[in-house]
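Shown next, in structure tokens, is the structure this report addresses.
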């Protein structure tokens, strides 16, 4: 007998992250999207209608067409959205509205969020299922401490995901000491409104993304840290980043230099990454790829356009693994990670699958 | 003795068209920018400060740095801007605010505008100096009829400029009967806020620009029309357009098919365009290029990146002139015109130069 | 009982069109790729090895990885390739070598080709299966006349495919008199070696593609013509094109203006296209899409990035259907067609499927 | 009295680096281009004619039009080019032909080269005029040792130039210990034939440029080294690079992390760079910019499109200077350097100006 699907809602459903959530939830075996919410401007309209932009076009951006299953759902006003009857709410709300809204909902139901509103709270874990599924235990502490029926479980920033995922097997096998990372980020990471203006990236690179570097540095240490006594002790590794924007649609590329604690040849690093099964192996997560990391020998890989869709957008692709001789032990490599799939909508769905498998939803 | 410069103001100074106006007015021999105005958000700040965007960067987009002469000017609130003491105001105001604002100013001083607010009013001429300088006479009629001290003199849409400029010598020499035009427009035409989102043009073409086609069709017939009895009788030519957006920073490309009244070989068409001196030849206009139209033999030209800056951005570049054999007489060609110079800021300054030379300012 | 698959060879297998052929033939229900051939440089190497470029990367461009089934096949030298034992050869050979090579092969087996070598020969049909499948009868005439065991069946130029496909239902329903088309073509159309240099399309449009316009004009009239007495009588319609290159990876966009013989509203045109089932309806062709033409209401569609993969890359997407008022009866629209799928590799496979279904292979 | 100009020749004049040399030499106050040479294919043709590509276009890429002064010069065959009568030859020859050709010419006259043929020879200096003008003394040693009348003076790789230029003032003021650099390189760096294929950079990043990283690492240590006893003792700093290609026309962006020997705040680093006058200050070099390094406060700068032309393409722009806290003392920053001006044609002309000023030509 097929278990009944969990009824879920998506708040912030019209934005780009919300669209990616819906794509990841279309025909999902365990979740069923029952309700959608967005800003007052969209409230009361059918979802397809709410997507209609000025000029007559559609603001749907994530794929050729919105999944038919959602086109007819009536969009509710997020400000007054009541999650009664839902087992879970996904939140992809923009800006300052996110924190009060997620708090209000989490008092009633579990909330899995793509926003940064709660990421840095001490009782809030940042979980990437293959990396630190055990951190999800902190959600129970959060629930009790705050006296909420639900909880808030955010996913990390899209640029953190690929970095933390590739550092995880390195840290386990060889110990990670210090990391320098330069990102070449895709324009979809900024969403559509306002998003990245074409003027800024045609024949250009923008060398700055506000608050991005701090997020990646802080989140990576938290994700790779150790859960103990109702909080996460951050990993002691040093991380330093420069984040840039390039003319790529989807897929963040990151150039990484790593100092390791223990000796490791490039071949051993490749093997540690390629063979890494992650810490969530026991769970059967529908959105999990066959491999969390795909290692390329071809020095021209990974490329965002060719590799972002690996593993349904959930596999981090790694290449150019070379010894970093400026350290006693070190390695340098390039990674590509899909920022709106692994790093946003589908990543949030994967986390919800983990929480369901662990009995937390 | 150098005549004194006319003191001018620029309203809408922080947007992209306003920036292009300022670039065209820096060190201008006849106009001196004394005052700037923009939205309430910018009012009271020094111009350089007003350009500062969230995140610490500058919204100045038109060149590496804003001209130093303007950085220290205090921006006034456009809504309450009083043009007292100015000989002329340039307007590059966005959206619905343009019409009431330009009307208020034009009651007091001449206004040269890059907006479409008044373009289609019967007593408002659309003047491209080399094409129809005599239409500027209509401004005097407008002034009297409306009882204003000043007037509104708009320039046409940026996509109209190159088309009307190239049709002018064709019409004079051979008669233009019908025109089919497909544009490949640059992203700067939409400005910065919101502008064209990078998501939409990376690896893509957008086949629609709201209201653009109607503007080009209507404006071209008006510009090439005949001034008589206090109004412009539109040219009888038929025009049909499809306007698209491509991943180009500056410079609109247009593919044009023309049915002519009288026989013309490609060589004769090239000669008519290349030798065309325009109707404003008697005037000494500082922003005028040496040639209004530059004809290329190389079939790979014109290209927007290589040719948009021809004649300081004021020359329309034409190439691929071929016989159009589907008509008794016809020609097809490709043109490139700089949309934010000839088609916006510098084009407006050129028009002001004409009006000054004709004694209307 | 499953019928045995036809053993086929692919000549010119390492180029971009050859790669697209292989993608379209991977796991094909009726054809099985047994042998590959390319230039002497590749001969004797395994296919995966032959793709390896200088610097260690792979020249495979059409997708993330070459289909595993072909990686181990040994590439033969096209110059001495003997098709013995094959039921069909696909040819995607570059340049001047194509004609003598295809002739040599066609003396022995049927050849379906993406090249232009034989397209304009009088006894060679240009078949797009939904448009003019009956023209394939000319292959039998060709075979007899030349005394060959096989024949050469080329597909049209990639820019012709979308145009001829959309004109077909228009011509049947309303009669097509004259056509003006401006293309915005993708860079993949030029292949990889030399292909379009990035220098030429970053922040740019190239207004010329050598010989492209003549091909489209001539081929469209031939495809839409009538087969009679051992030759195709070209359609009498007039066609005039300007072909440009833009910064798009895959998917040609075309802006089309059509004069019709008989009255047609935009709604009737949309209906004629959308409901068109093509002339190959009786045949069960595995590469055929559900619909040959998809009509969009959203004025922002079709876009190459969003619509090129419609129908597995075999559907032509049409939008912006408007009345063309410069004619007694006319219509204008924009189309997107996948240049390396419908317009090259998969289009050739579709033609082979038709020839098989008609018993010609 | 104006001194007579030195008559010079340019070998490899039709390629992109050769074009950039000619642009930098047009109307030069001290050099006069008398003769041009290229491959046999171009020999005997006027330069403008030699640039004409298949299809009728021009292979001139560096600017809208080749300088008129050179259009009529007859191109000679580089293989048999005799430099008799010239005071200097600039070489921008491609590939393996460079080394024997430059050797043949240097036996007779000084050769300033943009190629890598001789860069790593022990008696060959790599001179960036503001950084290590004294290394030019090694040319006299080279001349004597090889028994040549001339010498070969190469400029470094285009990616080295900005890095070495910014490290020079850092090293002098604070001591440079280790450097990690990730580049985002422009497509013009690869020239036109074959150059970077558009297919590879539309919506993409290519994470590998063959041999580039080794060049940058080795050259930077040599440039910043110390000349002693007839050779350059390389600087002891460690350098580690990852070089990538992005969709930018001109201007390499580099993200740099530096470990310093001595404490330095971001403000001190900015001051050391901005105030740096270089070591060639006594010389009056026509191609020198007013400032070798321009430091930006705006975190969104430098951007390649906005900053590559700073100082006529000869100024390195630096921004995002931040403390690098993973070291006892360190700094991180982003730089933009014009790869075909400072890093190729104009950089070679600057070096020739230095050699002339030092009496070595």
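A few points about this structure:
Just so it is clear, A, B, C and D label the chains in written order, and each chain counts residues from 1 on its own.
Going forward, contacts are C-beta pairs under 8 Å (C-beta built on N, C-alpha and C of every residue); 3 or more make two chains touch, one makes a residue touch a chain.
Quick caveat: nothing in here was measured; it's all calculated off a predicted structure.
Each chain gets a centre from the mean of its Cα atoms; the one farthest from the centre of chain B is A. Across the two interfaces under comparison, C-D and B-D, the one joined by more C-beta contacts turns out to be C-D. Centre-to-centre spacing of chain C and chain D amounts to 45 Å, using the average Cα coordinate of each chain. Chain B and chain D have Cα centroids lying 40 Å from one another. In chain C, the residues that reach two or more other chains under the touch definition are 55-57, 200, 202-203, 208, 247-249, 299-301, 305-306.
Interchain contacts join each chain to each other chain, per the touch definition above.
In the complex of the two chains, the chain C residues touching chain B come out as 178, 180, 182, 184, 200, 202-208, 238-240, 242, 244, 246-249, 253, 255, 257, 299-306, 319-320, 324-326, 332, 334. Residue ranges on chain D touching chain C, taken from their complex, read 16, 54-57, 61, 187-188, 192-203, 208, 210, 247-249. On the chain C side of its complex with chain A, the touching residues are 55-58, 63-64, 202-203, 249, 298-301, 305-307, 309-310.
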